[in-house]
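Working notes, beginning with the structure itself.
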């Protein structure tokens, strides 16, 4: 549990360092499946004041705060729904990174435009549908999670990222660190995509190139990396 | 008063650190309502040479310099008019940040394109009308303030930022620090907006999503943050 | 002379720090009118290896190297011509800064789109005509200077910057430091201009606003700054 | 050999410092022609964990790993083919730098738009043809190299850079350091090109200006730099 607190703290601190958000924006959480809890950034605390004591521990089943003295991030219920829906998820990151948010605000998926994307995501990063007025009125954060589930259609593995329409990216992975690194990748491919579309609005890489790159790093025939059958937190394009 | 000097000094020093201006551009002021004065950056002094002694104290009522040996920022009269018009304002920041200035030069409001904006501003950040030749000729800085008042229409609370047409952003808040942080947010939403409009010139988030986000953080039902009923300097989107 | 070497060294070192160029690109020079010489960056030396000993001293009248053991910047003859043509110039900076070079490559003047520009330049930053094949063949660097003179039409004071077509910006001022700071401003206004034109291709601020801002800082009625009748190295918009 | 390891290590560490890639992306290699080997970054190791021990030594002739305990970069076979095809190449860099990748994803050459480009490259930086499905299926990395050879048409000297279509830039030079610095230049000219094309889609500098700049720095009449007849790792525009 001490390890989880340290990892979540460090992953949160990497958000501003990686240029993914400023002030108090963004949040990372990490899960302890054995204890049935996740640890998340508190609401409204700037990154330079974060410490392990300020982190908040929440029960996955009930949403009850079981550790820490502060209130959890307002987005906590979105995290919780994703942890409930996908047992394989060990960490979740939400940011307001510039270019990924631009796609979210434009209501557009981030398309697969090259190998940097395909090294990490097996398809476009989807943008959710808009929420209805009723979904915004009550249980908004939980409904944001439900719209994300709609966009994922039961599969959290092939594309570990989504854009909440009009809002911004959520990413996940086996650990809090992995989810943060996927947030870095998501912003990078969004920025490259914006420039690509400006240079060539019809850009579309051959499907066989895209397949090849994804399979270099993911699945049974993967040959990328140096840590046994598969590396988790370093599985980025080279 | 010593505390105010220190806060205004630190807020000014954050301008270049946050990438909002270079050289001597930009200025922050903070007010002491009890003493009827505000403290502001001196004119033409680069940030690395600023210290408490170089700051200038100005009487709100008269504009008379009552502390410090240097001349105040040339924009001081704009600050003074805003302090006179809105007793709730405790600090004001003016920057030449790249993307907010681009909107000001384009003569366009920064539209509400998503939740990053709505978390902070209850509507578009308005761009003022152009000043007339007569308004530019005499009392230019005071007339800049009057054009800002026209754009705000009596309400400084719902959108604590404005773009002086052809010039750049002014932001404010309960304290000098809060005004500086709003300047950071203003630049961030401007940059995201430029990319959003390039991806989708017709982007418009649902009004109910925007309402929801503003109300998560502002007003009686707000549930964002960790400091009692309402937090001031950390009220940024998460 | 020792002071001049130190100033030129420091101004050159600020080029990469200010993000105006990388590797060995760009160069700053400063003049000693009494001695009839200028000091300039050596050719092809990266910034982190620059020291006072590596700087090169050149005679304005003849172009002869009279100090230092290295060859001067290949652009030295362009600097020399400007020093000959304009006795008021005390320092010159040439960079390959991203957005100013984009205007130079596009063959477009940087237009006056707002007060950030008008605080520093009394008109557009002109882009020179293209050089002829003959001008490129012989005495290319001197001919670059002549094309700059054509663009300036005898006036180096109102707009202390120019874009060599297809190449990049040259800026100048009373000192090497002033020329470097004008290069920083030139890049900043170029970047803001690109975003402004994307938001509003027809953006044009009122002429009376532009006049007013230039006159706040320049000429007999100027009231900006804190150092006597006029400040040199800090005359930037606030 | 110790020197080569140190140089390759340092060049790899400059990739994230120069902003050319993040996490584990990108790789630099350097060659020892006498020993018939090259040294390359291991696969999937983040830059802050790289040390000389983690580097991998590969035989040029066979592709056999002859030094180090980790697997080489997945792109190693592309490096190897280039070393085999061009005996003059001493170092190779591959990055995922934002703007160069945007051109690669757009399937466009980086055109010669000005002197910053011409100072370094004697023509456009070509984008390769797309690979066929068969080329992606088997020996993908070697086939990437073959497509690069097609694009170069036997000449690795005049333009020491290429864009692998849909993927990203490969650059080379006499040393690992030179190849890394060419990667920096490639990204810089790509970024400037994107802004230039936005300002003027038809921008085309006069051919005689371009010729002149390339010849200032390359070939028998070159007069740039300070190290004898020709300098290698510092041959960048000034």
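Every chain is named by a letter (A, B, C and D) in the order it is written, and numbering of its residues begins at 1.
Just so it is clear, a contact is a pair of C-beta atoms (placed from the backbone, for glycine too) under 8 Å apart; a residue touches a chain by one contact, two chains touch by 3 or more.
Chain by chain, the UniProt names read as follows: A, B, C, D = L-ribulose-5-phosphate 4-epimerase.
Everything quoted here is computed from the prediction, not taken from an experiment.
Minimum number of contact steps separating chain A from chain C: 2. In summary, no chain was found to touch both chain C and chain D. In the contact between chain B and chain C, the residue numbers used by both copies make up under half of all numbers at that interface.
Taking the mean of C-alpha positions as each chain's centre, the chain lying farthest from the centre of chain C is A.
Averaged Cα coordinates give chain B a centre that lies 45 Å from the centre of chain D. Averaging Cα coordinates per chain places chain A and chain D 32 Å apart.
Touching of two or more other chains is recorded for residues 198 of chain A. This structure has the following touching chain pairs: A-B, A-D, B-C, C-D. Taken in their complex, chain B has these residues touching chain A: 18, 113-116, 181, 184-185, 188, 191-193, 195-196, 198-200, 203, 205-206, 208-213, 216, 223-227, 231, 234-238.
Note for the complex: chain D touches chain A at residues 22-27, 41-46, 70-71, 73-75, 96, 98-99, 101-108, 130-133, 136-137, 140, 165-168, 194, 197-198.
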